[in-house]
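Next, two complexes with chain A in common: one pairs it with chain B, the other with chain C.
Entry: the complex of A and B
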C-alpha cells in the first residue's frame, strides 16, 4: 500500500514537472461515450475444459468478452486515445500498470500504457500461464509464469495500438495493450464512457479502437480550460 | 556487423583449395567472426533465391511455392521472429544462432542442413536474412548461463521431474512427455497455424537439438512464435539444468529400420504385456501424414512413428504395434483406427505407395483393421480405404489394445494361412513379407498417417544339424 501511495505521488510530481510550462492552469479535457447500434451478439460461454484449475475458479460459466454491450447500449473495452496532434514530451510516469491473470482470465481485458512505462504481469492462478505478447512494432515476448503469484516486469519501447497478449495454454485468454507516447488515452467503462484529462488546448485526431468492430477517428478541437465532448458509435457487424 | 579486421576472403586466402576439414579447424581455432566475410547483400540474395525462396518465399514471408506442403510451415523470415536463439525471448537471434540453424538444419522438419554450402555463403545468407526484418535494429540480449553444465553424473533427474511438475510442462507436453497435455490440441503459432507441442520421447524430432545443453537453451530462451514460452527466472539455473537432463532422459532409444526379422517361438505371447515381448526385437519407422488433394497440410500430424515387433510359430503370427496418439478416442466411427496391410496372395509386383493409394489400377491390399471402439480386429481384402468401414471382415485370432499416457499398444494375431479370406496372403517360412500401416487419430480427423513398406523376413525353420553339415 505504502509503495503505491509513493508511486502515485511521484507520478503527480513527474507530471507536474513536465506538463506545466506554458499551460499552467489551462489544461482541458475530452470526454464522451461510445454507443452501439444494432443487435448485440449473443454472449458465448467460454469452454475452460482444458484446465480444471480454470474451471473451478468460476462458480458459473464465463462469457466471451470480445464484444461487451452495456445495458445502456454502449460498448465497454473501447480504447480511446489521441492519435495525432500531441506535441511535447511526456516521459513515462512511475506508476506501474498491472495486468493480472486470475481464473484464467486477463484483468484488464483492454488497457493503455505509455512508452517506457513499467508493466507488471502477475499470475494469481495456481496453474501455468504463458504470456505471449505478439507485438509488431515492439519486441514480442513469450514468457512462462508457472507459479502462483509470480510477477514479471516488461516495458514497451515504441508506440503500438494494440499489442495482443495471449496465453497459449488457455487459448481463450486475450488482452490488448494500447502503447502510446503520451498519457492521453482511456478505456470505456461499464457505461461506455471515457474521459481524457490534462490535454493542452489544440486540434487533435481522436481514435476509438475496438477489437472486433474496428477503429473510428474524429477531429476534435479543445479550447483552453474547456471540456470537449466526443462521442463514437459502432454498429453490429 | 561483423568485424572487418578479421575478414578472410577467398582472394586473400585460396579457401577453395583448402580442405573442408581445415576450414572446420579454422572455425574452432579462431573466434567465429574470423571466418565471417564482408556482408554483401547481393551475394546473400542470390544464394537465398536459389536455395531458400522455394519454401520461405521470394520476400521471406514463408509463402514459397512448396510452403503449404510442409508441417511445420517454413518460417516467415520477414516477421523477424526466430525460434532457435541463444537470446532472451523477444530479442533477435545472434548471427551465430542463424548461422547454426542454416548449418545444422532443423531435425524432424523439412529444413535440411546446408553444411554443403561454403561457409562464406552461409554467412552471406545470415546477413541477407537480417535485412528482411526490422527486428535486427533491436539489440540482442544473450542468455547468460553462469552455472556450469553438471553433466550426466551431476544431474539430478528426480529434481528434474519435480521441476517438470512444478512448471506445468505436462499441460502441453503430457505427463510422460508424449505431447498429450490438456492444452496440446488447441495450440496455434503466431501466424494462426495449428501446431503441436514436441513429443519429448522423440529426441530425433527436437528441432533445436536433443542434447541437454540444447534443451537448456530452449527452456530459458523459449521458442518464439510457438507456444513454448521462456522459463527464464522461474527456477534456479541448477534446477534448469536438472530439468534439461530430465527431458533428455525422456527420449527413447529408437532402432530405425525397414527390415524386421520375425522371431520364432513355440508358443506366441498370450497378451500384449507379456514379458516374452521384451526379448523380441523392435524396430521403428516413420509414419507420414497424407496431405489433401491440394497438397496442403490442414492439421499438424499427431502420429509420426510406429514401433513394430513380430513373432510367429507353426500356426500363426503375432504383431505388437506401438504408436503415440495424444487422445484416446474409442467411441463410434470416429474412434482411433489402424490398418496393418499385407499384399494379397500371389501379388509379387512392386508394393504400392500408400501415400497415393489407391490409384486407378492399384493392387488390392490384405487389410487387418483395428478400430478402438470394436472388440475384434478383422481381416478383409480392400481396394480402397473406405471399404474398411463397410461390411465386416473375418475376425483375427486375437486383437488386444491398450492406451496409456498418450500411447497405443496393439497386439494382432493372425493365422499364417488364412483360408477364410479369399486372396489373403499366406505367410510361408522363407518369405520376405512387406508390411505397411495406415493409422487414423480420431482426435485429428483430417489426418491419415501411412508408412512405407517394411520387409518382415520369415526365417525358414532351420535344421541345426543341416547348418553344421555345411
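Entry: the complex of A and C
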C-alpha cells in the first residue's frame, strides 16, 4: 500500500514536470557580483540646508550615494538585467513597487520595475516634494506631493533603462528606475551581489548599469535548471 | 530731429526703475535654470495649489522668479498707463505696448515650460523673449531719460559704414544669445557658442575701430562702444568660469545677466548711430571729424 502511494506521487510529479509550460522545474537562474577596482571615491556629505525639514530629519551627515563601494570592494546600486534574449510575454505582476521619500532621500536609490507594473510613490516627509521622472521612451511626469503621507501611482508603458527620478525642490534627491518588459532584473545589494531567478534556459546578453560608471554587458548561456554565474567589474574613473 | 521732450522727470526715473527690475527678473530667471529648479513647482499658475508655498529649496528660485515676474508685469502695466497719460511721442507709447504684449506672451511661455516639462524650444523662446523685453524696457528708459536729449543735441553726421557696423553688433549678439540658450537648454555642443563669442568680440572690436576712426567726436556712441568692448571681455572671462565651474549657479547666472546688458547696450549703440544723419562715403577724409 505504501509503495503504491509513493509510485503514484512520483508519477504525478513527472507528469507535472513534462506537462506544465514554462515549468518551474525547467527554469534556471543567474547570479553574481559587481566588483570595483581602484580607489573608491570619497563619499561627500550632502548639504540639506535648503530645507530645515530635511536637515532636521537626520541626526548625522548624509553621504552622497552616487557611487557606493561596499566594504568587500563591490558596488551597491548596480542595476543588472537581461538586455537581450528573453522571448515570450511576461505580464506585469500585481505586486506594487514602492518608492518612498523619507528624510528628503529616495528609498530605494535604484530599482527595477516591469512595464505596466504599478509604482507607488509616497512622501513620508513633513515637507513638500516634486517627483520629476525624466523619461524619454515613456511619458515623462512631474507631480507635486505637498502633503505628508501622500501617495501617487504611476505606470511605465515602455521599456527604458534608466528613467531618472528627481526632486527639483531638493536637488540632491535622485533615484533611477530600470523599466524592463520581463522580470529578469536585480539591483546589487550591500554585498555587491545580485540574483536573477526563473530564467528559462538559453543564451542571453546581461547588462550591468551604474549611474556614474556606465554600463557593461556580457553574454551568458544558461542551461536547463542550472545556476549560471556572471560577475562584472567596474573600475574607478 | 525729435520733438522737445515734455516727459516728467519722475516718469523717466520710473522707466529706469522698471528696466532695472526687469534686469533683476532676468537674474532670477537665470538662477532657476542654473539651479535646475524649473520644475520644482509642478503646477502653474498656482504653486502646489497655493499662492505662496513654503520657499524652500528649488521652490525659492522657481516661485521667487514667478513673483518677481508678477511684479515686473505690474510695473510694465503701470508704465504703459503713465506713458499713455504723460508721453506725447506715439512711438514711445507703442514701444511700451509691445513690451506689455511681450510680458503677457512671456508669462504664457513660462507657464508652458512648467506644464510641458521644459521643452527646449519653449525654454529657449522664454529666454530670448526675456532678453527682448529687457531691451525694450531699456529703450523706453533711454527715450525718456536725459541721455536721449543729450544724445539728440550731440548727434553728428556719421558714415553709412559706422551705422552698418553698429547695426551688425546687436544682430550678432542676438544670435550669440540664441546659441547660449540652445547650449543651456539642450546640452548641445558648446563650440558654436564659443565661436559666437569670438564673432561678437570681433564685431565689437570693428565697431570700436569704425567709431574711433570715423565718428570719434560722437561721444555717446564712442562711450557705448567702449563699454561694449569692456563688457564682452568680462563676458568671455565669466563664460570661461561658468564652463569650468557649472556647479556655481551664481557665475552662470552672472554670465546670462551680462549677456542681457551687452544686448541692451549694443541696441542702444545701434539706435544712437541710427539717429545720426548719414553720409554714404566712408573714408577718413570724408567722415565727420
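A few notes on this one:
One rule holds in what follows: the second predicted complex is superposed on the first by the 214 of 237 C-alpha atoms of A that agree within 3 Å, B and C clash if a C-alpha of one lies under 4 Å from a C-alpha of the other, contacts with A are read in each partner's own complex, and residues count from 1 in each chain.
Definition applied: contacts are C-beta pairs under 8 Å (C-beta built on N, C-alpha and C of every residue); 3 or more make two chains touch, one makes a residue touch a chain.
Fair warning: this is a prediction, and the values are worked out from it, not measured in the lab.
Under the clash rule set out above, the superposition-derived model of chain A with chain B and chain C contains a clash between the two partners. When both complexes are overlaid on chain A, the residue A:38 reaches neither chain B nor chain C. Applying the stated contact rule after C-alpha superposition, one finds that A:214 touches neither chain B nor chain C. In the superposition on chain A, contact of A:128 is made with both chain B and chain C. Contact with both chain B and chain C is seen for A:168 once the two complexes are overlaid on the shared chain. In the superposition on chain A, A:146 makes contact with both chain B and chain C. Once the two structures are superposed, chain B and chain C can be ranked by residues of chain A touched, with B on top.
Looking at the shared chain after the overlay, A:50 reaches both chain B and chain C. Of 127-135, 199-207 or 271-279, the segment of chain C running into chain B after the two structures are fitted on chain A is 127-135.
The contact surfaces that chain B and chain C form on chain A in the two complexes overlap at residues 50-51, 127-128, 130, 132, 140-144, 146, 168-171. Residue ranges on chain C touching chain A, taken from their complex, read 35-43, 48-50, 53-54, 56-60, 62, 117. Looking at the complex, you find that chain A touches chain C at residues 50-53, 127-128, 130, 132, 140-144, 146, 168-171.
Within the complex formed with chain B, the residues of chain A that make contact are 49-51, 127-128, 130-135, 139-147, 150, 152, 168-171.
On the side of chain B, the complex with chain A involves touching residues 81, 89-91, 135, 138, 166-169, 171-172, 182-183, 186-188, 190, 222, 224, 227-234.
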